[in-house]
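In what follows, chain A forms one complex with chain B and a second complex with chain C.
Showing the complex of A and B:
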């Protein structure tokens, strides 16, 4: 019935050469009055063309070899049962390091331009010294579509940690208490995002943030940020009920820039690692006192 | 007869009832079916609309007032708020007024002024919007007004304006303790002070517009890596045969001077730039004097190798091989040795040549012999807005 109506409408439109903008009352999207999440991407659909079935099978079979190698490694580690038990203070365990093209494949680069929600553009590449260079142009210009209120962000994010055969898993940073980054910025402030996506829709957007201040200039800086300083937010809104990061449930790490300053930005990254500092005793930097009823988290 | 009389009486009553019924029926649904094209419509108004002055605008939104003002500054902005407050006792259309006032803040240059925001919130009436029972409190009493106040606070947050406790008093008087704007206020007062002075490279709250002052801030910030750094200001006019007449802000430390004096005369040093550094929302171009990176001495020492263990003989341990080296300074980076940093007034080649001459005179005599290579590049991107509209059109077409 619906398609019949639609066909009739389309025919009518073609006949009379009416602008397609007229058919506004035909809603194809679900209403947004429910608070539960329909999909983890929040409605942002990947518009890239999917490869054909035969191509998927062919590519999949190619990947079988590496996946089996990964899996056998996992099995071996399971039987050996020799995990790292000693985390020496002052020793940085590097998690992501730039240096080769393969290291770039672990990152996803996004900006508001991707979904026609702004005009910022960015890229992640290797510079001539082989370090990661996250650079681009930030623009707070809002597209005139009547829907977008504010614009201007660029973001890089790691892909989800996984086991063999593309099974999703978590990064376990439990024994560590510091995030260590060797970066060279341009004087801007960047936002670090640690995502701890859970199973239920309520936890899909759980993210912990902190600011990465950069000096700017020709010198590299090593920023050591305790995990206790990261504050809890969801969809960019800082939450009233705060809690320390569940360090054994980390899914992604990201860096974003959106400081409302129009112009170019560049952040060179050497490595991102974690460290155990026995002198850092703080568990969580923000107050955890009981708050008035029916006021918080409403 | 009596019966007949009664009958006619009931008939009459029935017919009267039918007339009334039909009248009512057609009064309500009649106009929907009857085509009144040829009939004349009654011109009877019950509202007072016709008796008013037709030339007077009936607009609720008075946004044009803000845009009509010629002289745009804080004084005229506050004057506008005062006019609105004194216009009439009922003070209708607060929400529309506040939204239009918020929109025009930046053009008046008051978007970072706490006093103005407070004056703007003060426009709302006190006491009227305070809920008096739990149902009102729970179901967002006066939602438009509350949302308006939240949007105002959000704009403050976006512009980095931290509210104060007078703001809390004003909001409390307007919305009461259960108001949503109060929640927003309390959140802001919890989080904003935590990040206000967190930057390890603090800057003045008012960034100067003068390029020279900005250049000094930039060089100070870059040189903050070495506390021995000295910031000096040179004039190109002091150098003979200088083409440009401008200033140079240069930063160099004793360590860098020492590195330059120890530099191999046959190896060149490079003047590189321009690079960019942001001082809050201002962009500064800087240049560096760089030498090639020092090779890190590699020592093949394997701690797990047990083939050559020096065994103590009769309690006498043979002396272990000592290899000492000075700890590399912060200026010796992986991708080069930074020898000096500068910002010039024109960022031109000639001013950089003058900078090298000034450095030579100011404690780096080695620069007279070391070959200096100028590897300058043009600014990476031209500042152009020509294709901005084109881009916008392409997005709208999608």
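Showing the complex of A and C:
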């Protein structure tokens, strides 16, 4: 109702050609009245057909053997683990590497075309050298059904780490302080997203972002990004109260393209890893001033 | 917070004790709010929910006891209701098998709040537990499960807060066993545990150490920091030349004098696992030194008088106390 009135007002202003400088103070997006989230998926429904209950039980029993093997392996690792040998400084521990077809199963590819919210298309595949290639075409054309105001994004995201028996768990990157990526981009900026989905609904959309600038040349780039440089946002809105990433509660890692430039994009990824750099002592890169309550964002 | 524990301890009836526990919970909630870290509020909520549920169970068991008997401080024991109450008190302390909230909550808090949860928050539930203490199968099960779980779960940890949480679960097991035979030894155990924990937490707070790999590089600025860390850490494990050995020695002696032989054997065997864990960490801390470039090295002096005094007490106490005991 509120947005309808404002839309009418904007059209009236445009018709009568009132000084358009005052339009920037009119808010035409939906206002955020409450922090309560109804759905962890944000209202986007999964329309795929679910198999029947008996089929689910049968398939589950088939997986029992692998799950027990995985569990016994976890127990063995628990006792054989030596923290001194594992988190050595200067060594990159690779978390995701593109080499085989199985590595692609760890990623989920989405774009705004999936729910008819745009016309961008993308794919993640292995190129002829065996490296991952995230490529496609970005289009900022907005579909004309009035649901959305802006369009144009493509995204890849890892699936949530699971322990044996499909228990969801976190990626524990606490001992590390750097993210290392070997990529070859096309000169565009890509947004790296580290999701730390929490237990409570307020924290379902907690994401930490960083903009990765790629060179575009024929040479690979190894970007070492400290975790202290990631800034905190939720559902795309950068939060006023910033804090460093809780590195023991990481759920997903993702890369997205949404830099409002129409055209094709391509990003080759060799590996993504983490490293501990003892010389990097920064805790958090952004200012932590307490602003007065009436200042929302600058 | 201080007055709430004192109310709990010095109260004549269960209602006053429960009141003290509730005030304790409410008073510590604002301390856990930390605007610098988002995870601290999640930890605070988890802590609040667990403690509130435990308080509810204590209240419920109190009311059941009241309906069964007269409400005085001398209670004719209704064993099942007391089982419920003991379970709730053990949950409040974080003893196994009710320990699942403890390492997660510790992980989200900063060092000063961890210190509070590890030391001060344990006093009131422990004292209340002493009023219900009997040598029965339930208590022995709790003790043995604390030992087992702290040993097995503590081995694979990288985060120092979780390591301290599991060591606290281990020490809770020892303290429960002392409470079964002689309460004065519990006081000694708790005092020594508090001193050692304060030392460790102050060192780690000053150097902002949260993970094991940070241990190997942050303490090279001042050699005393390393020595104090190692002595206190080995004290926690209960190895003879250090202060932490005294309470374990007293506990084992008193338990054996009272005819319980199997329980100390089981406790010692499972504490060996935690000792292995501590030894591995201290050995790496002594031997490993991650090289830093010269221009980043800070030559700061260690200026804390209070920490020096407490550490002196920690290092020299064992010898002083044995001399004192022999002289008296």
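Before moving on, here are some points about what is shown:
Keep this in mind: the second predicted complex is superposed on the first by the 248 of 298 C-alpha atoms of A that agree within 3 Å, B and C clash if a C-alpha of one lies under 4 Å from a C-alpha of the other, contacts with A are read in each partner's own complex, and residues count from 1 in each chain.
FYI, a contact is a pair of C-beta atoms (placed from the backbone, for glycine too) under 8 Å apart; a residue touches a chain by one contact, two chains touch by 3 or more.
Because the structure is predicted, anything quoted here is derived from the model rather than measured.
When both complexes are overlaid on chain A, the residue A:55 reaches neither chain B nor chain C. By the touch criterion stated above, A:278 is placed in contact with chain C alone, chain B being left untouched. In the superposition on chain A, contact of A:66 is made with neither chain B nor chain C.
Once chain A of one complex is fitted onto chain A of the other, the partner contacts of A:100 are absent, as it touches neither chain B nor chain C. Of the two partner chains placed by superposition, only chain B is touched by A:129; chain C is not. Applying the stated contact rule after C-alpha superposition, one finds that A:260 touches chain B and leaves chain C untouched.
In the superposition on chain A, A:81 makes contact with chain C only, not with chain B. In the superposed model, A:169 makes contact with neither chain B nor chain C. Once both structures are placed on chain A, no chain A residue is touched by chain B and, in the other complex, by chain C.
Partner chain B is touched in their complex by these residues of chain A: 116, 119, 129, 137, 141, 143-145, 150, 186-189, 211, 213, 215-220, 231, 238, 240, 260-261, 263-266, 286, 295, 298. On chain C, the positions that touch chain A within their shared complex are 35-39, 42, 45, 107-108, 152, 155-159, 208, 210-214, 217, 280-281, 284, 288, 290, 292-293, 296. By the touch criterion stated above, chain A contacts chain C in their complex at residues 77-79, 81-84, 87-89, 172, 174-175, 198-200, 203, 206, 232, 241, 243-244, 246, 248-249, 276, 278-279, 281, 283, 288, 290. For chain B in complex with chain A, the touching residues are 158, 178, 183, 187, 191, 194-195, 198-201, 218, 221-222, 224-225, 275-281, 283, 286, 288, 290, 330-331, 333-336, 338, 341, 380-381, 388, 391-392, 395-396, 398.
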